[in-house]
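See the structures that follow.
What follows is subunit A paired twice: with subunit B in the first complex and subunit C in the second.
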Partner chain A sequence: MSRLRTSLGACLTALAAATLGCFPGSEIVHAAAADGTDEVLNYASPVELLFSPDGSRLYVLCQQSDEVRVLNATTYAPMKTIAVGHVPRGFSLSANGSRLFVANSWDDTVSVIDTQLLEVVATWPVRAEPSSVVEDRAGKYLFVADRISDDVAVLNAQTGAEVKRLLAGRGASYMTLAPDGSRLYVTHVYPNPGPHRTPPESEISVIDTARAEVVDRIPLHSIAGVFHVAISNDGRLGAAAELHPKNLVPLAHLEHGGAFADTLTLFGADVGKPVEIPLDELDRYAARPFGVAITPDKSRLYVTSGGSEIVTVIDVARLLRYIHTHRGPYAEDLSASANYVVTRIPTGRDPRGVALTQDGSRLLVANRLDDTVSVIDTRSNRVASTVALAGSKQLWALHFGDEMFAKIPDPSQGRTQCANCHLDERHRQGSKMDLTRPEQVSALRRGEQAFYTSRYSFQGQIGCANCHIDSTFDGLQWDLEPDGFARDIVDNRLLEDVKDTEPYKWNGGNPNLPTECGPRTEKYFWRSENYDDRTLADLTAYINSLPPRPNRWRMPDEAFTPAQERGKAIFERAVDKFGAPIPLANRCSYCHSGPKGTSQKSFDVGTKKPTDDSGMLDTPQLTNIALTAPYLHDGSARTLEEIWTIYNPGDKHGRTNDLIKDELNDLIEYLRTR
Partner chain B sequence: MRLTCAALAAAAPVVLMLSPVCGLAQNAEREVPPDFIVTAAPAYVPLAELRGQERFPEGAQLLLVRAGKAEPLVTGFAASADANVSFDGQTVLFAGKRSAGDPWQIWELAFKDHAVRQVMVTTTDAESPLNLPGGRMVWAQRTPAGFQLQSGEDGQPTPTFLNPTAGPGMLPLAYTRASTFPADVLRDGRILFEAGFPLGKGSTPELYLVYADGSGVESVRCDHGRARWGGTQLASGDVVFTHGTSLARFTSAMAHDVPIEAPRGTYAGAIAETASGAWLVSARTATDARFAIKMWTPGSSGLDAVLARSGEDLVEPVLIAPRTRPNRHPSGLHPWDYANLLALDARVSRDGDVKGKPVSVRLEAQDATGRAIAMGTAPVEQDGSFFVKVPADRPIRFELLDFKGTVLRQEHGWFWARGGEQRICVGCHAGPERASENRVPAVLMRTTVPVDLTGVKVVAAVPGGN
Partner chain C sequence: MKKFANKRWIAVMLLVVAFAATAVRCGFAQAAQRHPHGASTAATVPLMPRFRFENYTTANGLPANHVYAVLVDGDRIWAGTDNGLGLYEDGKWKTYSTKDGLAHRAVLSLALDKRTGDVWAGTMGGLSRVSGGRIVSYTQLNSGLSNDVVYGVSVEGENVWVATASGACRLNLHTGEWSLYNERNTPMREIWVYGVSATATKVYFAVWGSGLLEYDQKTGRWDLYDDPDGETELVLFKDQGLIHDIVSSVSYVDGIVWAATYFGDSRYDGRYWHNFLTKDSGLPSNFTNFVKGVDANHAWFCTDKGLAYYDGANWAVYTRSLSSHKPVMTVRDAKGNVTEIPVTSGPAHNYILGIDFQGSDIWVATAEGLSHGILQR
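Take a look at the complex of A and B:
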């Protein structure tokens, strides 16, 4: 995916800046896509938006092009494009607006941008997939939410030196500072560890920013996947966008919210005890809520839904009146939202972060998967205009390839350089590029759009990304219908690096991705007419393109630590500690063979439960295995260690009962490098 | 719309009155009605279909109204009715009789060349055909128990249905001893149909939904009350229907119907929504002797007369235009002759809390004569859950019992489960607005084997429906 990123990204930054423009009206027409899947997948993919304190600039965080784009906040004309780290996921301004901090999730850094110079002035290393970053009002601490280490790192805001770490929820990702700066609200995308087959539990971790301590954990019962939080200007109302899965109920059908509820948890003085309210209706859903904003006068609350591709508009006064006059719980009442939802506004594809102008007159929405920003007039609740962020990068890549891009010498001068190329006769003749349009849609992009939309499921309730959050997993176990109710409970598996690991499903029943994502998904997940063949091909191409995220347990030079070396030896050993030969099928490296740690064959490793129809299970790949707890086919092992200490009494899952705890730890240390 | 009365009379051998020429079309702002088809009948008996009777006892004729000119849609038919235009707007299905003594049969006309073909041959009346995705259709087939929803099996294109009723390729979609009559196909792929409430038992017209494989039957909404019939889904997703003699709608947000503030009048059956959002309705105002086609823009105060015929009622307006194709329903039915039903909490009901603690549930099924047969009981867990295996494709209902065997609550009517269906109910008559809680039902913590209430001697336990 990032094959051309270094040379291409900077060049395209300039090209995109040159081609960025504002579209009147709300309709965007996608140009016909080039066939094939070998194009460079390097779109802007805006995910978050920020206005400068004086309201003159709009900062757009572009996740796939690794940029912050700076626009004129009135005309949306491009001002500057700033290259940042890899896969930036969150950003925020310092209290005085002089610095813009960017959390670069795949290279574990924070970019510090001087907003006068509009340049990166520092890049600070952090740990474990930083996903958002917030400075306190005093400019003392910089808080960084780390998705993989499940914590919030507290850095010295001037030097970037780590001061301490605060435990947050699993998959800590998004943070919002209270208007008075005293509290920081942290959410997380994976449920906290809990007992098997019990409702998932999540939390909003509340940090006292002055003391840099967690002072509260607002429990979110039955929630798995919490995204943005918004706090009203008076600090009395908070709202968190979240997913409420129904993973413990057999997934027999979708109607009546059978798979997920899309909800908000409200908290703060206005509501007293936190309450969960639904966004869904009886026949229409607000799939995958993500971004939240509350108007300065607290009259309206806006929520984006990435799957449904809408913004839901909520009347806050009616909402508060409703929850104060009606007894809850509300989350299971699909008619509740009629009491507070004003309207639903269609947006672009996969709407994510939002930003309100200071006067609340405009709401901007980052449409990640069509590289646009919807500008919504909050008085009319209509999309007044759509800002296209991208140029025609893919065509450039297709027409010129690596070699051409490699010739572009200086990304910082990219605008001139790219403009020259852009006017090249060969290019104009060879492409159908139309600079008044958003960029062309590649097959992989179409596949990604199919992955993130909910439009293919019954009543638009769910999409792939409901259970594969950000194309990963959800930490949940599901009771799928075809095997019988409460039978063959299955843990959701990671999608990263899934290419060439067929067959799929824990029972190995699907020979390839088109089968997995096509008829099976149509019949037992979507319960509605599926994609056409071309979209299915695009979707599977996209899934096959998913790379593994960087492994945080490997040494920079790919060498092993002593513990990892010892663990590797255990993994590969042919003789146990007592000198007895280990049968081939009882060696870790036999079933978990190959570069991805799977022989792609099924084995009975003694983990069959009474509710399972068979003990023969597909060997899962080991890619980033450290991230994907719980383990085993049904998620019954909460940790890697439990696989052997609890669920391997007969050594059917590898010869491990001769090992002492330290040796198991070594084995785990090695597995974490996979 | 600029034709004179004389021209209209010449255009069709019937007394035809296009209201615009009679003083109502002078307003240049008025929307010109799009081309449509309407059923004209000397006698129209609303809701006769739910009694298994004839809606058009004196026959009917489909009229094609194109550019303001009305003429018979087809020739050579003693009767024609129930038009349903294909999704691409190229053809129209209808019910017709070549001779007055024939049963109603399903026909198809191509607009391109006006060729007419019989879609299938049945020995009894086949009425009200609706197009389904994938070349399928659903219609009402007359049976000894009244009309029943009938379709072709998935993968069986319509032209192959030249078989007797319920012959190869035919798929009954309703399994109740009362009339069920199709009204519309919703964009989510479900079939909207009329039947009496309580289902299989009552006589108050009500609207229900079922998937195109006959599974998932349920009321659209559970605020049962006045008659609801003749539903049509709008572009917004709302379903507009006749409520008694007025209009009302179901919206996605509401668990109850919402009255429509339409001009005073008596409305009948389905409406048609134009591209501009105006509605063609069949209505009879105080000055009308008969139902006529009128146009109404929601929110406006008056009905604009479009088409009326002396001595005939005009009903069931259908636009001649392409429309959004509903989603095809991918049937997930297993190859079984029974169904599995899981109730998450039988105590949950719109009717209020159950008085007393239910400890068991009794299943009743109707036999071929309609007699209720007790099929057995199954335990109800502490959390109100139960899991049962039930006979498929026949009317069934549940009763909650206390420890003495006293009936605490009984279902209002009868419903069915298709063979191979596995279905979850949140509660007993919980209403479609009630979503499930996320918890493992206690019954599934205890067992994955449903209690067999099929009445078939169990040879061996069948785990979890496999």
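Take a look at the complex of A and C:
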């Protein structure tokens, strides 16, 4: 039972199973790590995988170590490590495999790697927060999905010069090229802006690669959070991994998928009108679907689920038969998936991207929070082996006995290594390893693992990352139980830079993060057992460690544009345009004071709704405020402008009604720099 | 800043303009040979483009008969009507309404982002971006847009330039920043901006009551061109500057400004003005709603009394008889001789509001329908 996984007995069982998992044909199960460390260690955190066109190499995109690791695709022996930009999120090969493009999300660049030299030969700037990159077949355009600017930048594939930008969904992040290269399918992680308290709307933006124009948008109703898309080799079947939140009804329970449905949207000629199908089954959920792959013969479809830490295997023929013989909607039908799900294969922690070998015999899964790659035999649907990348504490911890360590020569290093995990022999001796190979799982890493897993919730349905996508937010408003049902609708808030901004909750009711993340979360979200003390400490340490992403509206030299400068003066002013003093509580800079833009006090800013119990609201921090629409405690302001053009008639949310439009625009330009 | 010469230079300028006009007209005549609408010249009557007009109304799917603006994007025709945005594609009309996210049902202006294929629609209730079937709308409440009444829109590079009832503004698609332009930071005396034409070098605004506003993209400098005589109903100094301050439309093409006002039209080449009035040109009316330059020497004028085409020397007018409602085409040569050309079809209505080109064909927005002018060879 999932709720008992953290118990000692379960740990021992898992440990034994994981140890066995080092051998071919067995599965890896999570094990308790050795004692942690408070150090900030550099893990690899693999997120995406690619095979070279000839199948000889495996490229592994390592998000935390800012690297591409090149492995022998047969032995998984390391061949080379290539440093790229900061927080790489997506990569792809050119059509002939000669160039590998990497989207570096936090430094707004694309690294171009020559795959002959295995070196970065160019670094191209592109804004903002590039998250995936794909070259067209002709080598004319390079498409880059930008999470912050909600668009796809079209670059000259030879020079990197930007040609234009195409409107995509909000939080554009992942792209898949159709097998014939004619279409590019783009997904996005936040719902598109829409009216307050209406079902979220998302889309798959379809780009004609020859024209470099958006020619279609496949609507995804009631979806918020869309990740990878896979297209079958014949181009007739597409599948997108996605989250189907149930945020319009009170979050009263988790039974029967009360908070989220984990689904795929199928599209293409095999399907006809796009259809959403569930991955969940009663007591077996597929929390946070992310990576998708379809076998070359279109017999199987694989989906990773980061929260449930599994790969779901789907029989495509049964799936198509089901959707053509049963009328939908199916998304919330927990009996549906039994008709097409073959099995669910446990993986490492937070499984993300997948790659299939050309013959479809092996499926590789990047386990981000284990620093491992699961190699799944697709005939047996079992993990055949687990490849440990540098920095893998978990498997290293298991290699403490000689009997577990089958030595083989490491062709690249001239050392001996584990036959299956390819860890250096020194691992078993506990001696010092490469600096890039942390020997311990740090408290922060454990906290991150707790954040991304769904194991703590009832039936393993949801985790923190369901609503805080990639440790941010989800753009949704929720009706939570503590305030009463249909009372106090609350907008989800960004977690970045949250340290020292207590109290928490919009009503300021939680004095610190352990309270916010501990009893409250356990009772009203997980509806399950408590975290143990160490897990809660690790989790809060992780959340407190989240840095703000770079602010894209600030000038490189921290100077302000003229508009930002004028806006700053408005933000800090003490006298209105008519010369009247502005009371302290009506000044922007009073409530939104300090480096993070919060006085950490509560105020009534006149936004109380009939369904709210109180108008006294915690002052939210302003960190990267431009990214976190909608606004106000209940998300009723769709844009920053609406805070003042619609929801501040009495000047209670700052003295703003003396401003003309130009000045309000200036104020907003300044706020975007926070 | 007024762009007209001191009075002591008037005589000199008149001579210069006369000389220039003669030279330019010669050039126009040559250019007319090359232009598809110009075809060739006949012995007595200039051979001006003749069209067979097919008219679209609500009877065959147009969202509404009052068409404010028309935009051609390849084989797709967009019509901004007073009851939605119509798209004519594959022989059928599709209507986008406020239910689809359109800012307002009355669509006053249209612009195409040629790089992306996105269509920008200025409406009575905001600015809408139509991209791959999805509509994103900007209003004065939810964005930095200066005013919801959007009379004109033009896309240039990463900037969308907007003419509104409360000044002009620019949306930078890269940064999302809105910049507002009004009487506080430009020479604009009135802020009722009716039209905008943006290029990589210059942006021109047609300002109702405040002439023509020019923005230099390189220097960031603003200039105002207004009526040199300052008379609202009289033309004292023809060709000395803009014909009138009540400017309804502007088109900047090949370095030439074509400006439409409610009291005549103007052409400006950066140095010399040439103005057009009914009394000394082929214009059917001085009340011009819209102008669109084909190039430096050819332009179309949309008036309240019909559609006019100017090839640099000669004029053609496409209209309907007020008494019989029968279609009429007239040609006025450079000497002022007017000849009626027999035609069997004409624009849907004499009140013309907009025009766009589809190869050698024209699409015309009128107060009573959308007209497709198919060039007859």
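Keep in mind that, in the parts below, the second predicted complex is superposed on the first by the 586 of 674 C-alpha atoms of A that agree within 3 Å, B and C clash if a C-alpha of one lies under 4 Å from a C-alpha of the other, contacts with A are read in each partner's own complex, and residues count from 1 in each chain.
We adopt the following convention: a contact is a pair of C-beta atoms (placed from the backbone, for glycine too) under 8 Å apart; a residue touches a chain by one contact, two chains touch by 3 or more.
What you are looking at is a predicted structure, and each value in this text was computed from that prediction instead of being measured.
Student: For A:483 in the superposed arrangement: first (subunit B), second (subunit C), both or neither?
Tutor: first
Student: Have a look at where A:149 lands relative to subunit B and subunit C in the superposition and call it first, second, both or neither.
Tutor: After superposition on chain A, A:149 lies in contact with subunit C alone.
Student: Output check: A:669 vs subunit B and subunit C. Expected answer is one of first, second, both, neither. What do you get?
Tutor: In the superposition, A:669 contacts subunit C only.
Student: Given the touch rule stated above, what does A:577 touch, subunit B (first), subunit C (second), both, or neither?
Tutor: A:577 contacts neither subunit B nor subunit C.
Student: Give one of first, second, both or neither to describe whether A:646 is in contact with subunit B, with subunit C, with both, or with none.
Tutor: second
Student: Go through the superposed model and pick first if A:379 touches only subunit B, second if only subunit C, both, or neither.
Tutor: In the superposition, A:379 touches no partner, neither subunit B nor subunit C.
Student: With both structures fitted on chain A, tell me whether subunit B or subunit C touches more of subunit A's residues.
Tutor: Residues of subunit A touched, subunit B against subunit C: more for B.
Student: On the A-aligned overlay, A:166 touches which partner chain: subunit B = first, subunit C = second, or both, or neither?
Tutor: A:166 contacts subunit C only, not subunit B.
Student: On the A-aligned overlay, A:217 touches which partner chain: subunit B = first, subunit C = second, or both, or neither?
Tutor: second
Student: Where on subunit B does subunit A make contact in their complex?
Tutor: 133, 188-189, 216, 237, 251-255, 327-332, 334, 340, 342, 344, 387, 422-424, 426, 432-441, 444-445, 448, 450, 463-466
Student: Sort out for me which residues of subunit A touch subunit B in the complex.
Tutor: Going by the criterion above, the answer is residues 197, 199-200, 222, 244-250, 252-253, 255-258, 261, 278, 280-284, 331-335, 337-338, 341, 458-459, 481-487, 519, 522-524, 526-530, 611, 613.
Student: Once bound in the complex, which stretches of subunit C touch subunit A?
Tutor: Contact set of subunit C toward subunit A: 115-118, 129, 131-134, 136, 140-144, 146, 158, 166, 173-180, 182, 184-185.
Student: For subunit A, which residues count as touching subunit C in their complex?
Tutor: For this pair, the touching residues of subunit A are 127, 149, 163-167, 192-193, 203, 205-206, 211, 213-217, 553, 563, 626, 638-639, 641-642, 645-646, 661-662, 664-665, 668-669, 672.
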